[in-house]
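First chain written, first letter: the chains are A, B, C, D, E and F, and each begins at residue 1.
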Amino acid sequence: MTYRIKVINPNTALAMTESIGRCARAVASPGTVVTAVSPSMGPESIESHYDEALAVPGVLAEVAAGERDGVDGYVIACFGDPGLDAARELATGPVVGIAEAAMHAATLVGRSFSVVTTLSRTVGRAWELAHRYGFAAACRGVHACDIPVLDLEDPAARKTVTELCASAVERDGSDSVVLGCAGMASSCAEVSRETGVPVIDGVTAATKLVESLVSLGLRTSTRGEYAPPPPKRYSGLLGDFTH
Amino acid sequence: MTYRIKVINPNTALAMTESIGRCARAVASPGTVVTAVSPSMGPESIESHYDEALAVPGVLAEVAAGERDGVDGYVIACFGDPGLDAARELATGPVVGIAEAAMHAATLVGRSFSVVTTLSRTVGRAWELAHRYGFAAACRGVHACDIPVLDLEDPAARKTVTELCASAVERDGSDSVVLGCAGMASSCAEVSRETGVPVIDGVTAATKLVESLVSLGLRTSTRGEYAPPPPKRYSGLLGDFTH
Amino acid sequence: MTYRIKVINPNTALAMTESIGRCARAVASPGTVVTAVSPSMGPESIESHYDEALAVPGVLAEVAAGERDGVDGYVIACFGDPGLDAARELATGPVVGIAEAAMHAATLVGRSFSVVTTLSRTVGRAWELAHRYGFAAACRGVHACDIPVLDLEDPAARKTVTELCASAVERDGSDSVVLGCAGMASSCAEVSRETGVPVIDGVTAATKLVESLVSLGLRTSTRGEYAPPPPKRYSGLLGDFTH
Amino acid sequence: MTYRIKVINPNTALAMTESIGRCARAVASPGTVVTAVSPSMGPESIESHYDEALAVPGVLAEVAAGERDGVDGYVIACFGDPGLDAARELATGPVVGIAEAAMHAATLVGRSFSVVTTLSRTVGRAWELAHRYGFAAACRGVHACDIPVLDLEDPAARKTVTELCASAVERDGSDSVVLGCAGMASSCAEVSRETGVPVIDGVTAATKLVESLVSLGLRTSTRGEYAPPPPKRYSGLLGDFTH
Amino acid sequence: MTYRIKVINPNTALAMTESIGRCARAVASPGTVVTAVSPSMGPESIESHYDEALAVPGVLAEVAAGERDGVDGYVIACFGDPGLDAARELATGPVVGIAEAAMHAATLVGRSFSVVTTLSRTVGRAWELAHRYGFAAACRGVHACDIPVLDLEDPAARKTVTELCASAVERDGSDSVVLGCAGMASSCAEVSRETGVPVIDGVTAATKLVESLVSLGLRTSTRGEYAPPPPKRYSGLLGDFTH
Amino acid sequence: MTYRIKVINPNTALAMTESIGRCARAVASPGTVVTAVSPSMGPESIESHYDEALAVPGVLAEVAAGERDGVDGYVIACFGDPGLDAARELATGPVVGIAEAAMHAATLVGRSFSVVTTLSRTVGRAWELAHRYGFAAACRGVHACDIPVLDLEDPAARKTVTELCASAVERDGSDSVVLGCAGMASSCAEVSRETGVPVIDGVTAATKLVESLVSLGLRTSTRGEYAPPPPKRYSGLLGDFTH
């Protein structure tokens, strides 16, 4: 059986989308086809609530397109998990955010984790997600490296991130590290080698979780909150249209 | 001193915007100028996470416009408080959501409250906000009348809402009722008369809270999370532009 | 319309009562008449649970007197919010404590706050209130300057408080500072200037919240817990009497 | 070794004080001398926050007297645990409230408990104490029989309480019942027989806990919050005096 | 690449072990070899804390044997997740319990879930696990069918379970159902069809989660708590030996 | 009346059992007979989840033997409280763990406590128990001295423990110290003298709590979860038998 998983990078930085796609494909099962995309509209990186808010319509357009294409499940590949609830309303298959996936995986390999994120201003959102997903007690610290998203591939940046991961584990006394940005995905193995603890990247974790849910036949419940949205008129945003 | 408060109804139903504006103005201090607006884009009512997500860019455009016009503070007049975090990044003055305001007010006049909302599918969001704002223990129940937002002004609907408020208080043993939709604002006094408990409408509560914060000289902290968003390129959404 | 707000300083330090009154009046709306009083009995400052307990009967006598005078709402101007529940039973209008008010306001202008209080021994009570009001997650630290209440007006003390506010925000990574004593009210603007973050004084915040509740027509619920106390015989305390 | 335990009934109903004393003495160890007292001032029964507030000065005067008499430990025998924190500041030995004691004991003989209390208006306070002591998850329900404190000894009242205990356990699925008033102490064995579950009376539980702490040499910590209150001038209340 | 997953049924009912093995193999990826075993010692079914405690040594012996055999990951197939922490200390690969797995999966396909379990006496343990894993807020109810574990395959029992699942979802307003016993695994598809909501069986969910963790290269952290246990002398239990 | 309390040291280190017995007897009431035992099987010390799991069957065998001997109540004298739930199912009288007892006692003599434990790997379990018993907010820190259980009687070890207790109180700002191992019981008075705060040893605290419950006539509820375990066949472990 072949499963189709669509990995949506909510920003418009195509190099990052390609890197994300490579990471996801590296862990996918042989029968899984992974497509990685960026929306045609939205911010080039997501580093604020404002960026996140403007990224969401593009993410949802990609989910809507995926539904037309028969996609089996979706990954939202930004650590703020933007648009997750709305995407669950649109998609028939499961949708998993990378913060959500990484935190789930972390609690399966230890009692506690530290998050290493990009800018300090994103720390609040990371904690908010930890609370929402039930992992506030397991999350022992959220640490910012204060490197912008698009600079993370730089070798000096990778070194800084690795060092911060090591010091975060010490300071927090935690069992593992969660990488707080899709742009850190390609550093995962390296950081794990350096720190000696499990290091969890949400992109790969989410890919496996979506694959698992699909193969278990589990889809988002349509019993109430996540039923398809009621049809209505939307003005202006993408041209007037009726859903 | 004159304060300018902009009340943003995130949907595009202009009759509702006018009603919201009337409610806000009825409680504003003499020196306060209240403007009530709808975005030019977005859904005609908000009844899903999808609707909420598509409403947010319009809300933020209204905040951006408000900043150019010297607005002192903002109310987001939809019970899901859509775009609240992002609006706080854009605005120099305070921004308050109506769910937030109503829950704050309710906990000042009793130990507990019940929420009466529109469609069952919105119950999850109401609880999520109660958790976020710290009022999960004070919130004793969220009850849906299953009347669509745009039908709330109908007399039969008003009667249903009133009866649900009364039964919610009994079932939950709570001290007050929070009205879970801006479209219920005009029923507030009537429901209070019928039920004999404090009934809190978020539109009026938020208007007074914003006015209070402005007169106290309190603005959203720009120390970290809510500093102005870093400038960057946004594609497509509203035409390519740089913030 | 004219509103009458009574600000009760639960200690008997009249200079402090006057200062509190000045702060409250400075933010009150034109139509609001603010009276600031001290009870005729009780401790000269409140720095222990014992002090708080002995202050409460005087606070309640002032509320009872206010009811006879047609007062519209009350502020309890001590950061332990002494007697708040009992005062709500006696008063027909709203009653707000300054710790309560300051924490409510702080969560409207940021995700998190630090409290700066007087003696170390009051730290426990501040945390207890943060838990009670729902703000335990938002409160990131409570820091004592170890200056007695009646010495706070001293210039050296004001400097110490300002410095502690600045360091608390850094240590806690919080968005704002809550001043943990009515005796710090007059330093509010100065501390805000020095630290660059919102600094919230409970006296002014509570005055605006009471004013807001009154103008919204919201009174403490009398449905259960806060109904007028059942009449009975009280011995000794204030002479034998029947309520 | 002889221990002196003072059981303070915070109301002025002497018949109830005697009954409380009998219950306490029935469980005390041979070497323990139990004295049961009422303050000379305060309400004749405690059924509101107001009553509780006015009872506290009398409770504290009894603790102060106990200190002069060499008392080893104290029980505060009203289910609202009035004045507990302040009493801990005054006493050198341990002080335990009966709500506190009963909830502690209940969690040692089962995972969960139901509270049966007097008037509905006291339900909020019972929950507040459950939260404060850490037992909010263990407390599965607080149920009011709506019988005034001073009528509890009436046979019909005892029957009502017993039946409510039985139904509370069923409704809540809980392991035990906590009696929510010192006036129910003498019904404890009877209710236990009728319901077949452990029934915990706080008066006896607190007596044993205080005795245990005393024999363990454990006293309230004086490291910070519960150190003796700083000396100061108190006006009016009990005549002007300096502590 | 071939992965070896060992599914340990902690009781000694071999028919159940075979059924569990079939369920696990049905969802495993082509490259995964699933072995299902029962310990040679322990209770024939697990329906009390006592049963659970006596099952654990056998579970751990199976993990120890698995380590000698080069097993890549383990599933503990009893809804109490017995021995999970200890197994994590012994195993180099990941270990997942079926309650843990089911609750993780449930929160990925909805905001809330109901648990349907066997005997009423197991309800407390289910809630305890929900708290431990962070899902206490997502778990809206735990409902017992009061059918013993070994009778669950009976057609009448399956009907009772299905009906209870349907009523639990209604009563709790939850998005999905978690089956609270490995003995219900084979009913999963049927219950899902009947109730129209996602129904999660922990055996299959855990199999996919272990497979996912293994393919992600994630092993239990050995940084602290879950490092191999310090060697020492164990008497009697399994004959004297040194670990 | 004579009460028989059995103190079970879950490890097989007989010198430690004797020391534990001495501590328990030192605080027991004149009428209480304390027996201290070790199981005939299990680990010589408990320093991992694995050790704990293997200790439990021996603990339960001792409870079963105690039931035949007419024991009135039990203490489980290891800070992980191993087998507590299962022991409650077997025993007719109360069973208390020493972590449980120490945390209960600590919250009666202050608002907060620090735990000082042995190896770092046990920190997670201590926090888990604090959460389970309701004391997660009261527990301000768990600090490991990294001294193995069987080396704690060494004078240098005692000094290290004392110093860690002192620094833990400072770092955590807590009111008291809980000793996190039965092997520290004999140091209790000494540490208290050195640190000046209440120091709580669980062995003595549990002895008094069990004694108190017994004299109150309180036994573990048999209403649901803690009823005697259903009879069934157990294989292998202790020879085949039926409970």
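Just so we're on the same page, a contact is a pair of C-beta atoms (placed from the backbone, for glycine too) under 8 Å apart; a residue touches a chain by one contact, two chains touch by 3 or more.
Composition by chain, UniProt nomenclature: A, B, C, D, E, F = Hydantoin racemase.
Because the structure is a prediction, the values reported are computed rather than measured.
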Each chain counted as touching subunit B and subunit F at once: A, C, D, E
Chain-contact steps, minimal, separating subunit E from subunit B: 1
Chain whose mean Cα position lies farthest from subunit B: F
Option reproducing the contacts of D-F, where over half of them reappear, out of A-E, E-F or B-E: A-E
Between subunit C and subunit B, distance of the C-alpha-averaged centres to the nearest whole Å: 27
Averaged-CA centre spacing for the pair subunit D and subunit B, given as whole angstrom: 44
Interface hub residues of subunit D, defined as touching at least two other chains: 111, 123-124, 131, 137, 173, 224-226
Pairs of chains, among all present, that meet the touch criterion: A-B, A-C, A-E, A-F, B-C, B-D, B-E, C-D, C-F, D-E, D-F, E-F
Touching residues on subunit D, where the partner in the complex is subunit F: 27, 29-31, 94, 96, 100, 104-105, 107-111, 133-138, 169, 173, 175-176, 189, 192, 196-198, 200, 204-205, 208-209, 211-213, 215-221, 223-226
Residues of subunit A touching subunit C in the complex: 120, 123-124, 131
Complex interface listing, subunit F residues touching subunit E: 12, 39-45, 47-54, 56-58, 60, 83, 85-86, 88-90, 119-125, 128, 131-132, 148, 224-227, 229-230, 232-237, 243
Subunit B residues touching subunit D - in the complex, by the definition given at the top: 111-112, 137, 173
